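Each of the next two complexes has chain A plus one other chain: chain B in the first, chain C in the second.
For the complex of A and B:
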């Protein structure tokens, strides 16, 4: 079953067609890679899928529901979560608070300011600690999130997505700028999420990393899907090579 | 002398409570709210008109809160979709709109003449008109308002407001209806400004449109910057510091026409020092008015 479908999606900024009638689908419980040269429209595609941008044409379907006109927060409640290319943690909150606010059961209604919540808050903090342990930054729980290292913030962002109870994860360059050890941690985390039955769509430039975990790769170029296939098919696809390396000179 | 000090303390409490309400918007959700004085004016006039027409004190006070809250809702509905600095300009517009309404709706507001004779209340047979009793009343109401706001800002609801200041896009991506939170915070802040308006209008016993202009806005903004936006005590401390300094300038022997400029200079110096050495304000907490 396809949990995420993009149908004939189009988005222009002025005269530039950032996304040019692009279509693809993502199967449930798969790891799908989304690659393409810089400026191919990958991040714009993420913004369209999670509703930060609205498309000019076409549809986005999440779990067979047409969510094209929906605001971002409603899509998130449907089980869609994402990380950002430029990390977006809440720097002034502690790492633990970053996760606590993401819970669906977070008692953040206004009237709840006046009901006793001590026990509930303790439970939430305990659950948040479990997520911190899963990603391996439990010892940093009470630090300002902004004081964590770049890699730790990336892990925190993924943990925060997990805490929303999402089952579709859009990861925007999870491997960018991290050292090999952390890269391995992130890889294990992604595989674990997959084992738990989650669906992952990953934008990444680190090919060995992506090819080693992805079941399917979607290649975008100039806002369009250029090729869709297994990692092996993609690696041998002449059109993909052309998009990345340029055209062979005619002899 | 005691009367003088009690009057001053009463004024400090009133101004610090309004700064606290401003802090809810600027410090917690991180939106540059420049319409505060407009909201304050609506609350004050609503209270004053009800009071001079014989409504009981607490009813008129609630009226001030409700009218100010409604003004906040009207301002927030269209403008809270804007980003912070655009919101700043739009909300500043409210202040000017309210000002010209107060000047020109002469049948209701008496225009530039203002509304005199706003009496301090007599409750349960006790008159609260003397400095001591009015101080007690102000303190009591402010403690209630302060406690309510404290509970709200320290609650999970308050945490979500902070995530909006920190990163609104991320908050949305986590499934938070940020617009609804912003609107609630805005109505809440405006409502409490309206409640405090009752105290301020009765304190001065006279209100006119000239009392609700940029000058007052700058005082509240300066108080919040000095105290530290985003920390609960920030606005309160800031208002306390600024008003104390303002009063101390009275004791400098100056010719009357030099008092105003000297005061402004002292404000400016204080602001520059705070910006240089304690940019997060005295109560310290980083603030980020401008959204990414």
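For the complex of A and C:
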């Protein structure tokens, strides 16, 4: 089943077609890579999928529901979550609070917002602590998130996505700027999420990393899909090589 | 000189309590939307006049008039945000600021149309004078209304602090203040959170306005003076910080009353004193007492 579909999506900024009638789909419980040269429109695509931007044309379908035009928070409640290329934790909240904020089950009635229940809070914090342990930064739980190291913030961002109870994860360059040890931790986390039945769509420039985990690769260039296939097919596709390295001079 | 000290301290406390109630809403809105809402003081003014209408014109019992007034102002705050400020949420903060000055003028005009531009009071001729209590051989006179005022302010501020710290919405609110886009991605309804802030802030300001209405006469321009004091308080304390607003309000409330009581400076210089303190403080601590260090902000 396709859990995420992009149909003929189009978005222009001024005269520039950032996304140019692009279509692809992501199967349930798959790890799909989204690659392309800088400026190919990968992050814009993420923004369109989770509703930070509205497309000029085309549709976004999540779990077979047309969510084009839905606000971001509703898509999140449908099970869509995301990390950012430049990390965006809530710096002023503690690491633990970053997780608690992401939990579903916001008070459904307004008055509940004014009832700080001690026991409920303790349960929430216990649950949040479990996520912190999963990503291995439990000892940093009570520090200000903005004071964590780059790598810890990266892990916190992933933990926060998990806490939203999402089943579709959009990861924007999870391997960028991390050391080999942390890279391995992140890889294990991604594989673990996949084992749990989650769907992952990953934008990444680190090819060995992505090729080692992805089932399918979507290549974007100039705002549209250039090639879709298995990692092997993509690695041997002349059009992809051309997009990355430029055209070979005619002999 | 010294025998008036208890009374001056008591008046300082009352002033601080009212400034805090108004400054808190101002600072919450600034924390999230990063603009100074010049119409915020008018929420206090409208609250005070609504209470007058319900009490004097409709002859409702006090508790009912009180609840109706602050609920109505909370709704007014939410509606103003939805109709006006939401439209310019993504613009430069200068736009909502200028618009808020216009909204402030509009609300004053509406109140003048309905109640007239003159001075009014909750106390009508023939009313019983307020019950008073005397301490320190009559050097400290406290009215029952003033006790109610301090108690209400105290309870509300503690409730607000608990709400912000412990409730889910309180945490969401800080998340929205940090980053609206990410908050939405985490499933937080940003629009609703902002509505809650406007409703809460407006209701607190309305309560401040109703409380001051028991101490002073009502005028349609009273909101401006209140907003000036609240504004000074939150800049003193550090913008966007609720405890800063409380600290700033205490400093403003105490210093203006002490200066007027113990120096030859006449009471009409009240606002001038407030701004003099503000300017002095900004020279010493440009980010306010509890504000973040500018250098640390830049290095982020």
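Criterion: the second predicted complex is superposed on the first by the 243 of 251 C-alpha atoms of A that agree within 3 Å, B and C clash if a C-alpha of one lies under 4 Å from a C-alpha of the other, contacts with A are read in each partner's own complex, and residues count from 1 in each chain.
We adopt the following convention: contacts are C-beta pairs under 8 Å (C-beta built on N, C-alpha and C of every residue); 3 or more make two chains touch, one makes a residue touch a chain.
These numbers come from a predicted model, not from an experiment.
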{"item": "First, second, both or neither for A:160, with chain B first and chain C second", "value": "both"}
{"item": "Touched partner set for A:92, first chain B, second chain C, both or neither", "value": "both"}
{"item": "Touched partner set for A:72, first chain B, second chain C, both or neither", "value": "both"}
{"item": "On chain A, positions contacted by chain B and by chain C", "value": "50, 52, 71-73, 76-77, 81-82, 84, 88, 90-93, 97, 100-102, 104, 106-107, 110, 113-114, 121, 160, 164"}
{"item": "For the chain C and chain A complex, residues of the former touching the latter", "value": "159, 162-163, 165-172, 174-175, 177-179, 181-191, 196, 300"}
{"item": "In the complex, chain A residues that touch chain C", "value": "50-52, 71-73, 76-77, 81-82, 84, 88, 90-93, 97-98, 100-104, 106-107, 110, 113-116, 121, 146, 160, 164"}
{"item": "Chain A contact footprint on chain B (complex, rising order)", "value": "151-152, 154-160, 162-163, 165-167, 169-178, 181, 184, 188, 230, 285-286"}
{"item": "Interface residues, chain A side, partner chain B - complex", "value": "50, 52, 71-74, 76-77, 81-82, 84, 88-93, 97, 100-102, 104, 106-110, 112-114, 117, 121, 160, 164"}
